[in-house]
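Before any comments, here is the structure.
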Amino acid sequence: MVTSNDKKINSILSQTASQLSDASTFGNVCHEHQAGAPMPSTKKIGILVSKIREVIFPGYFGNTPLDPLVNQYYMGVYVDEIFEMLSEQILAGLCFGCADWKIEDRDVDSNHQFSRNIASQFVEYLPELRRLLSCDVEAAFLGDPAAHGRGEVIFCYPAIRAISSYRIAHKLVELQVPLIPRIISEMAHSETGIDINPEAQIGEYFTIDHGTGTVIGATCIIGKNVKLYQGVTLGAVSFPLDNDGNPIKGIPRHPIIEDDVIIYAQATILGRVTIGKGSVIGGNVWVTNDVAPNSKVVQLKVRSVSYKDGGGI
Amino acid sequence: MVTSNDKKINSILSQTASQLSDASTFGNVCHEHQAGAPMPSTKKIGILVSKIREVIFPGYFGNTPLDPLVNQYYMGVYVDEIFEMLSEQILAGLCFGCADWKIEDRDVDSNHQFSRNIASQFVEYLPELRRLLSCDVEAAFLGDPAAHGRGEVIFCYPAIRAISSYRIAHKLVELQVPLIPRIISEMAHSETGIDINPEAQIGEYFTIDHGTGTVIGATCIIGKNVKLYQGVTLGAVSFPLDNDGNPIKGIPRHPIIEDDVIIYAQATILGRVTIGKGSVIGGNVWVTNDVAPNSKVVQLKVRSVSYKDGGGI
Amino acid sequence: MVTSNDKKINSILSQTASQLSDASTFGNVCHEHQAGAPMPSTKKIGILVSKIREVIFPGYFGNTPLDPLVNQYYMGVYVDEIFEMLSEQILAGLCFGCADWKIEDRDVDSNHQFSRNIASQFVEYLPELRRLLSCDVEAAFLGDPAAHGRGEVIFCYPAIRAISSYRIAHKLVELQVPLIPRIISEMAHSETGIDINPEAQIGEYFTIDHGTGTVIGATCIIGKNVKLYQGVTLGAVSFPLDNDGNPIKGIPRHPIIEDDVIIYAQATILGRVTIGKGSVIGGNVWVTNDVAPNSKVVQLKVRSVSYKDGGGI
Amino acid sequence: MVTSNDKKINSILSQTASQLSDASTFGNVCHEHQAGAPMPSTKKIGILVSKIREVIFPGYFGNTPLDPLVNQYYMGVYVDEIFEMLSEQILAGLCFGCADWKIEDRDVDSNHQFSRNIASQFVEYLPELRRLLSCDVEAAFLGDPAAHGRGEVIFCYPAIRAISSYRIAHKLVELQVPLIPRIISEMAHSETGIDINPEAQIGEYFTIDHGTGTVIGATCIIGKNVKLYQGVTLGAVSFPLDNDGNPIKGIPRHPIIEDDVIIYAQATILGRVTIGKGSVIGGNVWVTNDVAPNSKVVQLKVRSVSYKDGGGI
Amino acid sequence: MVTSNDKKINSILSQTASQLSDASTFGNVCHEHQAGAPMPSTKKIGILVSKIREVIFPGYFGNTPLDPLVNQYYMGVYVDEIFEMLSEQILAGLCFGCADWKIEDRDVDSNHQFSRNIASQFVEYLPELRRLLSCDVEAAFLGDPAAHGRGEVIFCYPAIRAISSYRIAHKLVELQVPLIPRIISEMAHSETGIDINPEAQIGEYFTIDHGTGTVIGATCIIGKNVKLYQGVTLGAVSFPLDNDGNPIKGIPRHPIIEDDVIIYAQATILGRVTIGKGSVIGGNVWVTNDVAPNSKVVQLKVRSVSYKDGGGI
Amino acid sequence: MVTSNDKKINSILSQTASQLSDASTFGNVCHEHQAGAPMPSTKKIGILVSKIREVIFPGYFGNTPLDPLVNQYYMGVYVDEIFEMLSEQILAGLCFGCADWKIEDRDVDSNHQFSRNIASQFVEYLPELRRLLSCDVEAAFLGDPAAHGRGEVIFCYPAIRAISSYRIAHKLVELQVPLIPRIISEMAHSETGIDINPEAQIGEYFTIDHGTGTVIGATCIIGKNVKLYQGVTLGAVSFPLDNDGNPIKGIPRHPIIEDDVIIYAQATILGRVTIGKGSVIGGNVWVTNDVAPNSKVVQLKVRSVSYKDGGGI
């Protein structure tokens, strides 16, 4: 039996559906995709990144046999799968947001061909990616007395997960792929708490310990052999607006970190400042000026006072 | 063949099972649900939140077609599904913890009817929710020079994910739904590292950049056009205990942030203090006092010392 | 029709596959598992941890009926399933990295028997684990005025998730299980942003509020009734290298936190320092020295300056 | 761009949706379920039947360990799971079709209690069910020279699958459960091609070889030690109509097969005839009369003619 | 350690892979799909057929609410989903086998548009499909004394499943869709054992009892109110070959069954013969000639002989 | 609140669990697997058979690209996967039932090596399997005027599914693998209604039209170019018992069908009879004697009688 309350509820549902499908309320929260093209899929991008890690670190993930005769078949298939999945997602990215990325607006067929060419260039980069990540693993292992071995670092460490996603995403930025690099870096951000903008430039032997809360901005330039701890921010301090009040894009606004620098937990370094080669930045500091090479920067001494009440501070 | 070692292991298993099913050890770690009602399901709540996002941002998530004639059917179905799923979870929440939330303890049938009424009120709120989140998207886009477009913000930014979950959960708090709002906010917390208590009050055009580690306490009041960075804490500093030694609930103990405030990374603001309109709080500071409107608060200068040994600080 | 562009792409794929399956490029990024043994499975470890939580907190997770007659059957099955899953993963861990963990290298059959014995010892520990976690729940509930009840704490709080994973992983460390404890703690780290090294020693009635970004290092010793907030680091400041330039393992290098200490958000405490009983450490401080019992340590006063330009600081 | 063809298609979709949701076209193809009760679920019933087979044949299906100490826990849990799943499905059946089955129409709560009582009676029957199916396995093994062992019979033979489903369903018929028995027998029918009406009565040591196309009608009575082959029909030949032209239900209209009878492939036996004890019915015959005990019935001789044209007969 | 046996096995694998990828062995077992188009998906076609049944029989399958206000939204979405899924599969069918079906070979874009037009025509047919199946349900219910109600017939009976798949597939044949109709009918064949060629023509009020093994050939014409039993074959007896020795397609070669005919189990009727209106064909007969209206055809009497030896016949 | 009825139910559950775990009731329905070995998995065997079909029919199933450069990688991986899956299942079969199959009882390690050797021999057979199935496809296409093309036959026809499963299973029989061949053939039986014992011997260019209910016994010998229709039984008529009353295994007891024979629907041919080359057996006949070459065998003429009453025969 349908009660009067049920009728009232059904009427609410019906009115709300009408309001929500009224196109005049769509405003800036509605997206019209280029017809005939897939939407980007975070699920497929997750599988893609896993497959790349499987290729880079043979024997750690998935079921790749190591026997050379058989291994070549697996590598051949994985490379083809990476190529196909990546082509599809690049196409999806192009059809999502060419205008926003100032990319030439082509039809779906041209975008399709363009995507395949870019994907093949990414595939060609995989051996170099393995070499780079091999250096990062070495840096993480040597920099952490708690690591029992390189295997543990590769299998467990969030830093390796975040850095491998960054290096994948950064290469895609260099190949001028829109949107997909950001999706890859945000997936790693969600999983590890490490937020590396894929446009940042980072040298070899890079590592991050623990990593939760670390942020590396889009115009950062980081040298070789740099180590960050959790909660480090390499951010921007302010940015000029254009005549329409919109922030001007692309202006260098994040720090330059030279080679051999260590930055401890929760340090915040803002603006286009340079942290000189070999410097050490202590935890919890707020730095908005250049730091000379081989400097050591720490917080002023804390106040220690006698303790009184039970619950607070 | 069963070895003596196998026998010993089986005996350990059996004894442990006995101990674990001994009700005298259940203490405060055992939950007896109101019979005839479902338990809350994080999996279903996750689907519910995704469905709401699909309705709010048409074309971005899921498969909603945008043609008006067809779109209305999808909106009708989504709204009905949201209503049904939400009714079920509200009921589950009521049966989980009426006592803890000081809610009248009804039988399952009354709770069922009550849940449906509340769920319909939530559904009625969806168009306003779209308007509010549209403002938040605008704030995120304008506040971040790294954003290529509003589409990227909606599709990728953890802030939008956290704030949409907050606004959903907060509405449910206003409708006096127990437990479920907290589950929703903890799911967003796990995914984004942003921890917004659903009881907090937050104005329009709110945004959080990067966001990992940001905490907003239950009695916070935040004005319009406020921007936070990662690692910002708006927390409590101490709290009075009642005669039984339990913390007294509901006392205002978190900051008030007035309109147009920016708070940089890792700043910690504790207690019922007011940060005046238009102020800027620098990173890594520890604030336990009121800040006048249009102030700028930054950390004292760091010590910069010459650098010596290789590994430390 | 195969175009010349297709041919070029296929040729790139083929060359890349060759390079990637060239064993000379495997270097330190390739893992050869002990034949005849499974690889550790993060998916199965996730199920294992969920099952343990189901046993510890009856009625909260899964479908355990509470009727004593029936409950004993469920406990019996869960205990057997935990035993079998854990045996398998311990075996996987042994075959992954005996050398790295300085564990005697046995054949698969011996490792199999060894794994079963260790797994049975873990199972025997489950009742004590319930008691310990019951204390942690109590601490979390009493320490948070925003908690509506113990049920909410158990069902939603990331701290309970992280601490229960820590206590499971730490017991496995005590039983000398390699790799698996770290996998368990990194899974909790990813989910909660709380990074507790499973080798750390932590007393009863421990809690962490909010928790994102909190780090507890491997050689930490934490007393009873300690409370941490989000972003707290208990870390190392430097570490000696051996003659090969590798960090020396196992040296005490993280803080000792005595009973009844509270440490506020974003505080960074580094090195083998002792924070005396009953002390309170304020937020955002950087501590590298001992703190006497019953001390209160806070940041120096911030600078408050008049505010000028619109976008920055 | 929306073309005029797209508009035409959208208009067709919209008109069709209207027609299909016009309740005047629902007629006899629409079902209104008793509110507050679940619909029967073929998926859940499939799991239920698998679980029962797991209990009946320990060690063949699922993961039941055979060690007595541990086995009892698994049996306890399985029995409880069977009880809960079956209660739910019985309830669903009651709410689906009480009127059709001439069952008293109760409210959902009464049906709920009634379902639990019936489910417990079914559970009580499980040991007897094991004994009966053990006899059927013996009959199948001894009756088939192609069988390598009893294990192969239990693990592979469709007859055992069909007969176990029949014996489960028949017990539920005896307990006056509507609909669910038919769902169980149709699932076995789909899987094996053997269609045994759950209302039929079948004695011990029953077997069917190959089985595809075998049909056993609702009012059949089959003695002990009977063997059927594929394509055997034990059917009805005609049935009287009531004054409304509907077939009169419940009249005995299918054969009685006495003990020790064998019926070969594709034989069709129709009507309330009796096939006497120890008889053998040859393949492809059409029998509509009683057959005396110890008879042998075969088809009249075939015509053998000389062969002419290439493609036909 | 790699043994010589391992090496031999790897060498076998490698040689076999070479042979299997040698295109000269592909012959007639290799399929090259039209580029840029999906392959037909039996999984998606299964979902499509389920969705159509959900629309035809509201309240029986899936979760369609029956309230008129809400029901229209569901019907709108289902109709759109059916349209999209069907368009995709029709396109897949066109790209699979235009040549084989003598269909004009267009490019993918033209096929895409063509598919959408056909799919919309199918959607338009859904209300008539509901009417037809409603008649079939009535026939099945009235023709079976074992049926407790129409609900049981719709929910459980394989005949309804097979006939609804047939009527869907037949409409697609009329709309000249290649391949997909056959996939639909073979899925029903696998599930029910009933094999109805989608090209057959079948009138209203059609039913099949039990049905396993029933076969209805491509050029059959069946009138109104016809009932078949299990194992009935309406087949071809021979067929002329063309000059290349291939069977000539499309020649009428299966029976015509006029209105009001009943055909009992295992009867085999072959060739372009006509079974006259109102006739009854008994079980297990072999008919290759016309049967006059209102005839009754039965097998010659069986031989009944005295029974001797224990095991055989 | 626990009612007295609840208590009674719990008591029934508990008593039943006790009875079911009483090993004295296990009898012939309990299986004790060889420790350390997997149980056969119908799910994995299903995947294995699908993978083999993917290799045999490139481009029809799965995602194998046909470009030769890339195709070789896929074939390499598929062959390796088939090898690994098959090894595991052969091992499972050996550990399930060596005694029943009169196979030497080895330890698990020896069985493991043995399984790998057999699996590699099966892999070596794949190219020949492709050739054989290519002939069967040709026979099915040429023998069915309703077939639109070879692609339709491969993609849809149950006969190809059943025959390919038979040819796989038969090769495993030749390689003396226990149990697994029967599982493969019963899976095809369930799906298609065609029951071919894997021990039967069947020549080239074999086809079955429609197929539901067709049975081919274990000692059948079938020549080249034979065609069967649905419901054909090639069975045994009786079999001698040994001194213990068990049927004697392995005696030839099923028909020999020589080259170029056609057998129509529902024909039943029993015993070690020979159907001579080029003969045609009509439908619905019962044959227990030899048939000379080039014979045509049909049923005696049916009785045609005048029709009287409305419902029956």
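Each chain carries a letter (A, B, C, D, E and F) given by its place in the written order, and its residues are counted from 1.
The criterion applied here is as follows: a contact is a pair of C-beta atoms (placed from the backbone, for glycine too) under 8 Å apart; a residue touches a chain by one contact, two chains touch by 3 or more.
This is a predicted model, so every value here is computed, not measured.
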Where subunit E and subunit F overlap in contact partners, by chain label: A, D
Number of hops, subunit A to subunit D, where each hop joins two touching chains: 2
Equivalent interface positions on subunit B and subunit C, same or different at half: different
Chain pair, C-F or A-F, that carries the greater number of C-beta contacts: A-F
Distance between the centres, which are taken as Cα means, of subunit F and subunit D, whole angstrom: 23
Geometric centre distance via CA averages, subunit D-subunit C, whole Å: 52
Centre-to-centre distance between subunit F and subunit B (centres being mean Cα positions), rounded to whole Å: 57
Shared interface positions of subunit E, touching two or more other chains: 13-14, 17, 70, 72-76, 79-80, 193, 212-213, 231, 239, 264, 266, 270, 282, 284-285, 298-300, 312-313
Pairwise touch network: line, ring, star, complete, or other: other
Full enumeration of touching chain pairs: A-B, A-C, A-E, A-F, B-C, B-D, B-E, C-D, C-F, D-E, D-F, E-F
Of all residues in subunit E, those that touch subunit A in their complex: 2, 6, 10-11, 13-14, 17, 67, 69-70, 73
Partner subunit E, residues of subunit F touching it in the complex: 55-60, 66, 68, 71-72, 74-76, 78-80, 83, 113, 116-117, 120, 123-124, 126-127, 130-131, 133-134, 137-138, 142-146, 148-152, 154-158, 191-193, 210, 212-213, 229-231, 237-241, 264-266, 270, 282-285, 288, 298-308, 312-313
Complex interface listing, subunit D residues touching subunit E: 5, 8-9, 12-21, 23, 25-33, 40, 96-97, 99-101, 178-179, 182-183, 186, 189-190, 193, 195, 197, 199, 212-213, 215, 217-218, 231, 233, 235-236, 239, 245-251, 253, 262, 264, 266-268, 270, 278-280, 282, 284-287, 291-292, 294-300, 309-313
Subunit E - residues contacting subunit B, complex: 65, 70, 72-77, 79-80
